[in-house]
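Down below are the structures I want you to see.
The two complexes that follow have chain A in common; it is paired with chain B in the first and with chain C in the second.
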Partner chain A sequence: MKTATIQKSDLGKAIDLLVQADLRVVAPRLQPTLDGPDDIDILMFQEMKSGEGHQIGEGILTHNGIKEFLFAKHEPLFAYELKGKKVEITPVHHEYPRTVILGVRPCEAASIPSLEAVFSNANAGFEDPFFTKRLERTTFVTYSCTDADASCFCTSVDIQPDDSTNSDLHFTELGDGSIHVEAKTQAGEAVASILEPLFTGEGDQAKREKMGKVAVEKITRLRDKAPIRAWLDENANFDDEMWQRLGEKCLGCGACTFECPTCHCFDIVDENKGTKGYRVKFWDSCQFDHFTLHASGHNPRDWQYKRYRNRFMCKFKIYEETFEAQGCIGCGRCIRGCPVNLDITEYMAEVAHKAANPAAMQADPDFE
Partner chain B sequence: MSNIYQPHLMTIKNVIQEAPDIKTFHLVFQDDKVAENFSFETGQFAEYSAFGYGESTFCIASSPTRMDHLECCFRATGKNTNALAALSEGDTIGLRGPYGNRFPIEEWEGKDLLFIGGGIALPPLRSVIWNVMDLREQDGRYGHISIVYGARTQNDLVYKREIQMWDEMDNTTMVKTVDPGGDGPDWDGHVGFVPHVLEKDFAPKPDNTIAIVCGPPIMIKFTFEALERLGFKQEQMITTLENRMKCGLGKCGRCNIGSTYVCIDGPVFKAEQLAALPQEF
Partner chain C sequence: MIEEIRNQARHLLENGEVDVVIGYAEGSDPTRTTPIFVRKVEDVDKLIFDERCINSLPLFLNKRHEFPRKGWKKTGIIGKGCDIRAITQLIAENQLKRDEVFIISAPCEGVVSHPEKWDGKLHDGNRATKCTDCDVKIPVDTDFFPVDKPEVDRTAPYQVTAPQVANLMSLKTDERFAFWREDFDRCFKCYACREVCPHCSCNICITDRTEPSWIDPAAHKRGVFSWHMTRAMHLVGRCTGCGECTRACPMGIQVDLFNQRMKDVIQDHYDYKSGYSMEVKPPLITYKVDDREDFIQ
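Coming up: the complex of A and B.
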């Protein structure tokens, strides 16, 4: 497709057009979290009935991720009814509306193939039909970052602020109130054709490239990912003193895992009313103490630091090795959301330091 | 598209109280088509559900050479296992599976086999014990079979009548033990922990023998050490692990030991595979 430009001031109208085309539209909007004088508005991906109040391209990241629109927070898998000695199972009707998610940041878009690697049949031949159907019917309109905050570190995990690798349709602000639009897939072109009445001309590739780099210099949290995998592959480092020292303050609240775009753990339980009920799958967290608790009372991850070690290893080793996908996408949500300032990039820095100075670490046990 | 989370419905054909809190179910599929198409291999596991309570992970405790019904054996410990234990003949449960890998029994042909289990860990071994015994009966493809099995007390031993059968079987040695203090006046077996009884009382020779171990993580550790002192090499030792699971499908993120998912890559692991894993199980 040819590129195009659209005015930033027309993005509300863009949402209106998509809604009129019978698409479910999800976009960032401010949501009040408290009533009264201490109102804090937080940026949330929400379903939009019109373009009013949208915040596409504003702020750095939404509080919630796009994950919940693919991998539901809470989802009935089937219904059952107990009938004496018999049980009847019936499928649950799920709606899979055609959905467009607008304003997805490039870091977060990198989580889409990661979740797909877990839930699709590429993973041991078992396909989660709920996830894959939603993914199939969702179009991602991504939006280059031209700003960064102190928690952003996408460039340290090989993602660029203007990355369009995982986009269907990609937007980049050109700095003069207009936005460069490029379609990357057929689904993206279909959305572009709906937005066509709002296009004000052709895109400007040169300017887009230049604007796409603006945020790079604003990212101050820079870490070296390269040595991490090899260090984690070394079994002896599984018992390194670092895990306990850095992980000691972790409260095990699980906030990092719920906000993380690539965290995929879930629980399965039965929810009943009388003899009828649903088997339900919902988000769980590897940070909870019961997560790996055996019936016998044995718990392989019996200390909180071990649970955080698992999380770090999942992001930098397990995702790569088991699912052949990227674990950490550098969005920084886990850093912003942690109540005790546990910082995944602190682990990254320490691992890089240990990998570079194995002897020094042994000689200096007080290294902080 | 099929729903990977939806279980097959099964009828409980028979219930056996194996030990205090431990029951065996004999299970048959309610749908004949499912029954016809269902197959599994020894060592694989399944998710069992009491509807309204949830799902639990147990091995399939019967042998694929005996497909008249499936068997599971479990201890009533949590919400779902207690609900299962409250069911009786004719009731319906759910089963998803089979999942995971299997025991490589064709690699053991022509060898002697030594099974070592503790407590509620005999059921996974019992599937493969009957599997190799049935094949041995057919064409003698396995040699001498020894079974070392222990529980806390005499009462806690599962498959008591089968222990008796194995004890009387030709070309088979049955070594049973209970923890110190677990023996009553009529106890005719050993007294002592499994690894100790294995090493000091039974002391099997490692020649041309494969040792198959199942038990709690601490028992596996001490049993492998005892086997090594008896001269067994890593490649002669194999085990089956169980970690807490929800999906059994490599997705829910619970059962991993490092990058190894017990539900997909296991539950059966050779000793050398286990040694290469981070020690978190």
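Coming up: the complex of A and C.
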């Protein structure tokens, strides 16, 4: 695959070129919000009409993920109308514009095959047409991290800050204001050909490799993923004391799941008005107390710590078992977004500790 | 100061006066703290208190968070003045009895508004709005306060309001509506605003009701607006202004601006401020024959 360089200062023009090529362009930008005390900078993936104000390569991660551009927060599946004793179903028209998402971090890009394994799983004989069509028509331009914050832990789940495995086109800053560009797929090459007028020369592979490692040193949250799966596979550990001890402060909001790039649970309801309405699919969260509530009133996950146990098991066991894909991609959004600082990496550390010290597995008498 | 608080917690646990002390511990990175339930004397030294202790811990006294409370007969809780307002309000609303809780007050000079704004010290750029002109630095009612507790005159209205409220109120109604239309677009209905609220007391929230479904659960405009408006209205005259809903919002939506506005309305119309008395009931959950009604149109 060919490589090139582009100047970081030209990324706005790059967006303009893509917009002129009739593509829907999504890139990080600061959300205008109310200035004043208690406000924070809200970096969001947003649809761009021009390159103005883009923040590609700035900050660590956006508040929203790329997930919502593939798996919509809400979408009608079909419309229905009761006519006499018959129900008439009519399809709802959805647009699937050709989309380029710029500035995707490598950790988040690793969520694409994970979501694909859930929603468009040819092996399982199931395809969500909405997700699959959006994925087909989306090109991912990823961007190596050269910085990390206290919540980043991608290297602990086998992802590198300069990973281009899931990229169509991959950018890496070279530290001198220029960016190394490498196309990884045909879709990436197609985008590269649109950007060609902005290329300033050949890429610099050696320098790119060096710059790609800069962020590794800055990641402070280091965990050992290796023992987790085997420990979770042990049935007795399902009732280990740590689930209660670590999870009892969990409040049961869905911030971690909705922020998570690989969480994919949804609910379906009929939004009815008189004799007609829409059947709507929308995001749901395993952290909500009614997520597993049976019609009988029984709830197998009756306490909040069991719901968080499910989340942890989903990331490190169920995802791998059911979908043969990676559950946790180490972006740290669930840590940044948690109101009570419930930290998935503390669970990881605790499991690793317990796996190494089987004697520590005794139940805590305080919870008996 | 923290030593006095730890000693008090140790004393309470050793004598079996409380089953647990809810407080703050170091979080998983230096900008964050986290709630901790101290049940054993040896864990008392994990308790900390400083400007990063933003959580409003009284939410764990709310019966809705049932699991941590399982088996607790009496709870010790460490609170800032504003947290103690929340406890006071829970008692006023019969959600909690005064003798079920032992209140340890932490002298507070303000807290940071968001962990990500913490840079090692508290200043005008990162102090939470509620901490400007705070009149409960000396707490209203408490069982333990590590320093001398002077009498404070708190008869003046509580007027701490973020400038954003005035900015929004100066807009025309349709402009204000347009602002929220765009801002609410980020909401994905994780309900962090509800879960961190010490005063969201319903066992089954109206938004989780399905027969009928009062509020559309999907995060489209109708679902989001009906949720946030209902949340704001259910807290009128009850919200104690801890600002946790805004702090907890992972999408940075300043939802507590509604509550701040409603607090002013309640003060103007009913001369009531929440969280200052365990006896006086919030105006919208009581009824008097001579209640003002000239503002009803």
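By definition in this document, the second predicted complex is superposed on the first by the 347 of 368 C-alpha atoms of A that agree within 3 Å, B and C clash if a C-alpha of one lies under 4 Å from a C-alpha of the other, contacts with A are read in each partner's own complex, and residues count from 1 in each chain.
We adopt the following convention: a residue touches a chain if its C-beta (ideal position, glycine included) is under 8 Å from a C-beta of that chain, and two chains touch if they have at least 3 such contacts.
No experiment lies behind these values; they were computed from the predicted model shown.
Undergrad: Fit or clash for chain B plus chain C once both are placed on chain A?
TA: By the criteria stated at the top, chain C and chain B fit after superposition, with no clash.
Undergrad: Identify the partner contact of A:Pro91: answer first if only chain B is touched, second if only chain C is, both if each is, neither if none is.
TA: Once the two structures are laid over each other on A, A:Pro91 reaches chain B alone.
Undergrad: Tell me the contact category for A:Gly277 with respect to chain B and chain C: first, second, both or neither.
TA: In the superposition, A:Gly277 contacts chain B only.
Undergrad: Rounded to a multiple of 10, tell me what angle the C-alpha centres of chain B and chain C make at the one for chain A, in degrees.
TA: 90
Undergrad: Is A:Arg301 contacted by the first partner chain B, the second partner chain C, both or neither?
TA: After superposing on A, A:Arg301 lies in contact with chain B but is clear of chain C.
Undergrad: Name the contact category of A:Glu321: first (chain B only), second (chain C only), both, or neither.
TA: first
Undergrad: Does the superposition put A:Asp267 against chain B (first), chain C (second), both, or neither?
TA: After superposing on A, A:Asp267 lies in contact with both chain B and chain C.
Undergrad: What is the contact status of A:Phe312 with respect to chain B (first) and chain C (second): first, second, both, or neither?
TA: Neither chain B nor chain C is touched by A:Phe312.
Undergrad: Return first, second, both or neither, reflecting whether A:Ile40 touches chain B, chain C, both chains, or no partner chain.
TA: second
Undergrad: Using only C-alpha atoms, work out how near chain B sits to chain C after the chain A superposition, in angstrom.
TA: 5
Undergrad: Using the superposition on chain A as set up above, list the residues of chain A that contact both chain B and chain C.
TA: Comparing the two interfaces on chain A, one with chain B and one with chain C, the shared residues are 267, 269.
Undergrad: Can you name the residues of chain C that touch chain A in the complex?
TA: For chain C paired with chain A, touching residues are 27-37, 39-40, 55, 59, 65-68, 113-114, 116-117, 127-129, 132, 162-164, 167-168, 183, 186, 188-192, 194-196, 208, 213, 216-220, 223, 243-244, 246-248, 250-252, 254, 256-257.
Undergrad: Which stretch or stretches of chain A touch chain C in the complex?
TA: 31, 33-40, 42, 44, 63-64, 68, 73-74, 150-151, 221, 248-249, 251-255, 257-259, 267, 269, 271, 280, 282-283, 285, 288-290, 303-305, 335-337, 339-343, 345-346, 366
Undergrad: Taking the touch rule as given, give the residues of chain A at its contact with chain B in the complex, in rising order.
TA: The contact residues of chain A facing chain B are 77-78, 80, 82, 85-87, 89, 91, 118-119, 123-124, 126-129, 132-133, 235, 238-239, 264-270, 272, 275, 277, 279, 281, 284, 286, 291-296, 298, 300-301, 306, 310, 313-314, 317-318, 321-322.
Undergrad: With touch defined as at the start, can you tell me which chain B residues reach chain A in the complex?
TA: Interface residues on the chain B side: 1-7, 9, 11, 49, 51-56, 75, 77-78, 81, 90-92, 94, 216-217, 242-244, 246-247, 249-261, 264, 276-281.
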